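Two complexes come next, and they have one chain in common, chain A, joined by chain B in the first and chain C in the second.
Moving on, here comes the complex of A and B:
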């Protein structure tokens, strides 16, 4: 994690070490600390620390200090986290993907339909859903990179289309183990793959969905930090015209970013289906906003060009913990939403780059 | 004479860096006061303080003897100070009249009095000698007219002091004349004008008084006739520039680039091509200068050759005798062509990224052979290139936006050198960089040509064009109007051809 988070820090590194050397001793340490805290990563950490501090105060009779609470936080953040991985790549290019909730629903109902009703083998169903997610993502990718539609509009259209598509393939019904055949309703057994994905390993400490999230996270991280494509995404977000004139394959890189986001929706949809033991065409409504909030709170700029997966992880944990703390304190939904909105504003305000 | 504005002992810090040190600056009514100095000398900072853009300074400002402290651009306007910056501050999607009245509309019960606006706007434009309809959108007007409207806006505010920061940089020769006429008019109305420019000929045509800054300190202030060119240079650079343009012509024999009947069509439905059947060729190690005024099509020729205007170009391009097809900048890079664009901020650099990332941007296919990057290789290459270009940066990991103009330009150049190009298209390679950095760029050009790289050079600075080019072609509205050997090229001949007079160049039509 450190390697990636250090990146935004480097900006200040030169000036910081100089100032530190001049001041020397304790004062220097304090100065470097102050600099670390005012960097993008430092401020994202600050947001997380503040939320954790809230948890310590409102600990719901010690519930916050139980190991299980933290375990659950990670598990419950996992589906959002998977979406945020794809969202980070898209937002680094200066784009946005509003379709993630809708595509998640398509993947979720398709997975349920294929495994429960059509008895496909689990691996084939997974491949099909990942393919479907990527295909939908690539549709918005093509509209954005080739037809030059604005990302907001293209993914808004896909969001609507995908939600409709999910309802179309399910006939508006939830897909569960209750299968109607003619006049009879038979109850099928829940496919093993659902149980496996919803299970936990390491003595019940780590949910499989969290493992899946971590795998997606690390993959996205490595791609961003070490693959040529990651560098291309940063450069497109930083200055698309300069990137193009440097020979960066701008259209392909953007197309792939949305395709990757679609792939992540495919993964998240499978996890969602397993956790709900059904395929709900209404699943994932509003998830796009949570995913965007997680990425933005981490400090990845909506304008593109700046940010990293490390920052996104901080954002995921900040929102994840906030939700958990509100729920263990049994805060009513009305308040929960209002508080979440306020915290998002505060977190993003602390992230604002001071103009130089 | 009573000064209009007197700035006394102005000191300003950016963080720990002192950018202005006890600078005095006085503006008299009816005078054009040229503020000169290399980039980074503190000229822009000084005028920004006066214009209310920087408020945390030490020192005193008096306007006609009354102490003032401009707290914002609007506050400065109220004191009668208006600034026209390098970047235009007009809103492109609004009409000229709406722009002129932006922020201080004439209203009746909250509703805008359009007729009054329109009449006043027409009046102001007529006075300023601007030829544009007040109801046209700013974005539909040429950049030169926009620049003049910006000045008209300042006149409309009834500013006593006008600050112009390189107002002519985007203008062609004709518009520069209009600008100068306007400046003269402002003088005759007893307003004070502060004029920042890098162009020597402008200094001596306009100046009543010249103040020179260097490294944030006041070097001196004198009436223009008392400050001859040589002394001005000394003041600016602090040393004598013996040989400003050191071109060493190499022997050229083999042909590097050949372009035949190259045409670039405009994006819209306009009939006239931006570049019309241009043919040219360069030898290995040769610098082919391309002269021309604004609208000559030289920049479009470069973009077209580089594949940046796909589907809008026609013609045959061959490199070292081999016919090539370039449909995208990627193809161009793969064929050993490099393009240094004329605007490093907008199209050259990715300012949010590090020096290293920018240096590597054009060469990722070599640095990441199977798609996987090797950061250590990138660092090695960037530091090697940084050394070769004598880049002055605190760290290779700092964002390029934190570098000075000259060093940013070196990064933009370095980006292309890493691709080992055979042909370099340089569009205004020394725009907006200081004298010292310019000299370094010229020396680099000599080194490259000595290694066999051939260069196409577009520059609006006549001395640079004449001194660095081995051969010069001149373009006017998309066609070549002259081709001159180094020995026969003079400023007059180039200018004549650039303004459309053909004197028998091989492409002349």
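Moving on, here comes the complex of A and C:
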């Protein structure tokens, strides 16, 4: 994980050196520690440590220390995490993608429909769903980059449309192994691909959905930190006009960012369907807000230009662990919502740059 | 010139539309205002109404979906009234705000059948609904009868606790297990949602080594809990019970051996049409009908379940 954090550390060198200058005269080690703690990554770590500390205190009769709890946390955060990967790229450009939950639902019901009811081979169904997700994402991308719609409006429209589309193709019902053909009712076998995606490897210690999440994460990280396109996204978020004048293909880069987010929704939808063993047209409602919170808690700025995948990972783990800790302690819903709100504020407050 | 042609064309079209119903007119038009078609149970309610109405050619159904919006539903009721339908079936979103539009329909001479949720003031022809407390109690009684006396540990995956059905299914259940040795060790609000139920059940599993019974306030919750237990390799010998019994959800889960039992929460859709026909014939109908529930287990599911007294 250190490798992933190194990126933001370097980018934040400016802020870090200011903090370092303030701490001037202190011992070198203390200085670098102060720099690490005041860097964006350091502060994002602080949020995670705070939440883990809560887990240690409220450990629910030791349930927090069981290996299974952590494995489940990673699995439960995976779908959100996959969405957050696409969301990070979009938010770096200064945009936002509200449509992720809706597009996830489209992908989820399509995957169930194609494999369960229409007996498509699994690989074809996966390709179709990834394509469908990307296509929906590219629609909002085109609206934003070419028709110059505000990202909030364009993705809000897509969110509504996609939810309706998911309901349309399913007729408002969940798509499961229970198939009605005319008057006859058939209960089909659950397709193998569902069982595979929802299984675990490494002696039951790593869920396949977590592996899928990690693959998406690494892909997004490489694109962002090591690819020209990633640099372009940062520069667009920093100052779009300046980026355009210095020859960055702004339209194309933004279009691709939303398309990538749509692709991630396609992946997340397949994972969601596999975990639910069905396609639910209501799936993913409200997930966009969780994904945005994860990215923002990590320290990626909503104004764009600042942030990284490493930070998003910290954000994903922070929210994931918070949900898990509240759940194992069987905290009532009302308190859960209030506590989550307070923790989000605390985490973002620690993020706030005091050096300005 | 062109606009005149357009006008004439439109007028002709309107005349045609106005005359058209005379040829194929069913005798009665029934308007159905559904508060939200986002829930499978309500989709089923509309399907039940349609199935029953299709058997009676004298009835023409018009369905409207208020998309979970009180004001939209209010507007729909008003539209139905001005369209002078013969009877209104409404499954209201909320008790208070829809009382006035419904009583306006009544004073316009349109009989109203209220489904599932009651309306404040009770100014309607007939109410048809089921009793969640009773069903929750039936679940509890059935569990005590079959699994009592062995110190069974129970996980309760609750429906949204700010909703009346969620509260009623909880209180009825508590009432029935009072005094028995069933021990509820873990209780969480999954808001009727399957993915949430799975997460909560995973927490219960990592916290407790012995869980015997899972009571889900709806079938998807029980199903989500089952998937969690299965992933942990602990589903064998665990009892999963849910409520609602939609044909493609709870009943299918029982057939597949996932749920041990499911208790029906009837939609009353079919009953509403039968009652409407009685009203059209001028027969007297009761002010209130409480629907009976059915229970499905592996043994009786193919025979259509058994009625609960």
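By definition in this document, the second predicted complex is superposed on the first by the 334 of 356 C-alpha atoms of A that agree within 3 Å, B and C clash if a C-alpha of one lies under 4 Å from a C-alpha of the other, contacts with A are read in each partner's own complex, and residues count from 1 in each chain.
Here, a residue touches a chain if its C-beta (ideal position, glycine included) is under 8 Å from a C-beta of that chain, and two chains touch if they have at least 3 such contacts.
What you are looking at is a predicted structure, and each value in this text was computed from that prediction instead of being measured.
Student: Quick one: on chain A, after the overlay, do chain B and chain C clash, or do they fit? Just give me the call.
Tutor: Once chain A is superposed (C-alpha atoms), there is room for both chain B and chain C without a clash.
Student: In the overlaid three-chain picture, which partner chain does A:56 touch, first (chain B) or second (chain C), both, or neither?
Tutor: After superposition on chain A, A:56 lies in contact with neither partner.
Student: State whether A:172 touches chain B only (first), chain C only (second), both chains, or neither.
Tutor: second
Student: Let me test your reading of the model: by the given contact rule, A:187 touches which partner, first (chain B), second (chain C), both or neither?
Tutor: The second partner, chain C, only.
Student: Just checking: does A:276 make contact with chain B only, chain C only, both, or neither of them? Give me first, second, both or neither.
Tutor: Touch status of A:276: second partner only.
Student: Once the structures are superposed on A, label A:246 by its partner contacts, choosing first (chain B), second (chain C), both or neither.
Tutor: In the superposition, A:246 touches chain B alone.
Student: With chain A as the corner point, what is the angle to chain B and chain C based on their C-alpha centres after superposing, as a multiple of 10 degrees?
Tutor: So the C-alpha centres give an angle of 130 degrees.
Student: Counting only touches as set out at the top, which of chain B and chain C does A:68 meet: first, second, both, neither?
Tutor: Second partner only, chain C.
Student: With the two structures laid over each other on chain A, which partner does A:235 touch: chain B (first), chain C (second), both, or neither?
Tutor: So A:235 only meets chain B here.
Student: Per the contact definition in the header, classify A:327: touching chain B only (first), chain C only (second), both, or neither.
Tutor: Touch status of A:327: second partner only.
Student: Considering only C-alpha atoms, give the closest distance between chain B and chain C in the superposition, rounded to the nearest Å.
Tutor: Chain B and chain C, overlaid via chain A, are at closest 34 Å apart by C-alpha.
Student: On chain A, which stretch or stretches are contacted by chain B in one complex as well as by chain C in the other?
Tutor: none
Student: In the complex formed with chain A, which residues of chain C make contact?
Tutor: Listed in rising order, the residues are 37-38, 40, 43, 161-162, 186-189, 191, 194-195, 198-200, 202-207, 224, 227, 231-232, 247-249, 252, 255-256.
Student: Under the definition above, what is the set of chain A residues touching chain C in their complex?
Tutor: Within the complex, chain A contacts chain C at residues 60-61, 63, 66, 68-69, 72, 76, 167, 171-174, 176-178, 180, 185, 187, 198, 200, 272, 275-277, 280, 282-283, 323-324, 327-328, 330, 332-333.
Student: Contact residues on chain A for chain B in the complex?
Tutor: Contacts found on chain A: 10-11, 13-15, 18-19, 226-232, 234-235, 237-239, 241-249, 305-306.
Student: Quick one: which bits of chain B touch chain A in the complex? Just the residue numbers, please.
Tutor: Listed in rising order, the residues are 15-16, 306, 308, 328-330, 332-334, 339, 341, 346-354, 357, 360-362, 364-365, 367-368, 371-373, 375, 394-395, 397-399, 402, 415.
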